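Letters A, B, C and D name the chains as they come in the text, with residue numbers starting at 1 for each one.
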């Protein structure tokens, strides 16, 4: 990924610069100028959309591969690992632009903390949802042959040849309250564990490896808290594919099945994320010593943009500013 | 996780500061002041409690997921990996506060080394035990449906539908002395391998990746030394869940079974940790060259707090001070 | 890997230097001089050849081990992991010399970006192909006994005892368009995810861990997008071993089977890599803020070596110069 | 792992120092002085012994756990992973002292490179062998019950209940030349991949993560090149446990079986390591550009300790001096 040595030999040339830019270079620059987004919100929403797309493409593909190969080309663990790699890849791709939330519950938490403006909430969530929807569509397209071969052409939600679980999550049959609770617990663990990673007053992780460490935490959560009903600790990850299956032929059963289960992975992660954030603040952040840290954002200064907008304004979470 | 660009535009505002703080901001600050712990011991015990809670929640959930899904949603390896992720997450969350021992045997070793005051021993251990107990309770709550479905409603310690091993560790039937010995060996390997990670005079690991590296070592130990009787290299990890199962309906058999096995994972790890610490000191630490290192803590200066309190005072273990 | 202490004691000696170099030292230096490559292209091609050799040796050996042991000494996941370790090892070995493309599709993308000169394209690709061919030969040689034992001495492409899939990739029976599409999607994900890893304006990965992170991404892709037809996101990885099997006794069927499938893993990854590169530029790179970064290579300066040679010259991808 | 806050409060005390050291502190210091090794060779041999002990304890325990649990508590992959974790742990423990060779073939290569003095070769190898022997003994002791239970009390080398393969490696039945070749190839890949990790002129790995990266490479090799005959790319790892099984009741068959196979994992890795080292020098190291690097060790200065002692003196391998 370095320049070829020949380039180094001629390196002088482009320092001096050619005096007459040709017409097509002008054209090219005009195209660039036209394409370049100047609106920060649009840029951030594009990043969230792309990031969630990447996350779901990895994850749902792996689910399709394991399911349609009847576990000969991967097993349960592969799906968890693929989601985890998806988180890492998507974070490296978009964290510098939008913060790489990739998850409405995470966006909600950062809004509650006053780290992200509340007017970002809806655009971010819609972008994440759209990214998840598009990814599901692409997975369906490329695994079309395999899904048809596996299901015998009948797209169902129940039974041994069901394929709906490739996309969205569905509960075990015996599930009652536990499933709801698990989503709350899983998402609150997620927030509890990732909020402290950048905290300089505690044990900070290397800032350029945070995507990898978050990926490992997500892997851990999906290995330990997905038994009952899948690890949909992310409303966009669940609703996007579910909407896709609705439109792609699985029918309204994807929403009505298991006694309208679909609202659980929408609501529970949001509650869980808020609980996890509150727990982190009350149990950890509040008690940390308070060194003079110039890069800390004060969210309690009255009159500032952040003032009294957050739900959990007990204290600030120190983040590494880039 | 950066501020939204809109914030940067308005960034000036909160530098200037609004002159009149409103009433609820006062209220908020008063709440914060009231909640904030000023006592170091309380703060550290909260951290140990929370850390052990996180560790056990990951680990026991994974055990429950694997067991109740009859190994369709994970396998033996998943449990090992989940405990490993739990160690990493808990260490990032609490290492800067209490040192992230998460294990009475580790606390004991650090006391013996003179790195932690002896009067910390009991409070730390009780906090760890309580964290493990609470985590077990939460795992039971969320996996309640699955556990009942799996066991047919009968909570037992023996038999194919036993569920006690989700929480605490139980030996293989043929086990005699080996099981005791294994716990000693496993814990001494743990201490031997982690004590040197921060040693600047040897091959130090990156200080901000120590949680990840410790997690890998714990994974290795549980993959290689858990065959006979589980890898309970941690008395709190074993006693906390065992106490929970006692109170939650498994009955006193959890303590009496296998000829009162329960004391082995309590005593053996402590012996093992002390042996591992001693081995590290005698075989490695004592022979390292002794550069002028200002951040080294001298534990042999007479009259100091550390003086003659440690059991293994041959030499100091150099730790990176934060 | 440090010098032995004895060396330190005598360390002074070679600072002073012995006055009379002996004859064989002269000989030795002459040999070195004769062997040392001064031509940059030759050196880079050697690196690409060696890197692709290492990659394929890891990957195909694992495939042979899993196949010939009938999955008792590894499973599907092992093959994915071995390819991933191969990527990491090969990148550490050659990234500083040739950029460690290891893949004609990657080389093509870097040419299109103007980061690598177009006249490097063919030599690089041939080197990669040759490296893959030699690695296949070596795997065949060392697994000769095992392959013969497994296949009963008949080297075939179809059937339960086929061994051709140890080397090249073959599609599932039901595959039509999806297989082609998957290769496109998989390779475009690869480029999308790795192009941003060195981007200082976004979330850069640690430059000395990029080989490890690329390896994880490759692992994720092969776990999620290899279900239909293997994860041949690399034309050299597929054609090299396929040519070897042609010459080693599997016969022309390796090319003609599955309706001349062989051209798919040649063409699709190239298309995918170009799409991924374009997506990265349009969706991410173009919109990143533009700080004054002296180490950025300008690829649009007219008259420079890079001028209008790339296909995607919208903007430059910032790379860390070594 | 930091001091408790209470210590900070009293921190002044031991700066001032208590004026009268008590008697037992004198005693303690005398003990330390007596125990401390001043001879560098002894210290290094202790480190190699301990490192190889740790490596084998992880690896052989995992093999015993998988074997005696009949693959219910781990699978083939676990053994590979445990060896890998063992490599990492042992390297962090001893790399700063002896270089953490842990392998006679590696020591031989470093001697051939002139990086380690030839008179270190035999002491290092004997220490490694002894460490492997002791570790096997400990594994036997703690898995005694399980091994007896598994094998029905008969310790054999052949048959479904054989337990000799827990300790040393044995070939597949059909193996002829391939097995010998594999050991050569595997060890030469090992050397090829690890020699460049510290090379500043190429793509250096982070020096404090080299143990982790070497561990991943070892994992890759054992996943891909252990199919035929185990991945004994290390003579000490094989001979030590084999000698132990000879003395512990498996009888002389451990040496005579498979047509005196035992010499292959002794000789082949050494040949492979030398080939890998030579390949690295001729294909990579020789062609790297030669910046002014003050920390580079010159091994060709006549009259120096390193002069004409190495077998491969074409060029030096740059290592990061600590």
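General remarks:
Methods note: a contact is a pair of C-beta atoms (placed from the backbone, for glycine too) under 8 Å apart; a residue touches a chain by one contact, two chains touch by 3 or more.
Just so we're clear, the structure is a prediction, and the values are computed from it rather than from any experiment.
At the interface between chain A and chain B, two copies of one sequence, fewer than half of the residue numbers in use appear on both sides, so the contact is built from largely different positions. Rounded to a whole number, the gap between the C-alpha centres of chain B and chain C is 41 angstrom. Centre-to-centre separation of chain C and chain D, using mean CA positions: 29 Å. For chain B, the set of residues that touch two or more other chains comprises 75, 77, 95-96, 100, 206, 209, 322.
Chain contact topology: the protein chains form a single closed ring, every chain touching exactly two others.
Those residues of chain B whose C-beta lies close enough to touch chain A in the complex are 1-7, 10, 13-14, 17-22, 24-25, 28-29, 31-32, 35-37, 43, 46-47, 50, 54, 57-59, 61-62, 64-66, 68-69, 72-75, 77-78, 81-82, 84-86, 88-89, 91-97, 100, 138, 141-146, 148-149, 206, 208-209, 211-212, 322.
Contact residues on chain D toward chain C in their complex (touch as defined above): 40-41, 44, 75-77, 95-96, 99-100, 110, 115-117, 119-120, 172, 174-179, 181-182, 185, 189, 192-193, 196-199, 201-206, 209, 213, 216-217, 219-221, 223-228, 282-284, 286-288, 297-298, 300-308, 313-315, 319, 321-322.
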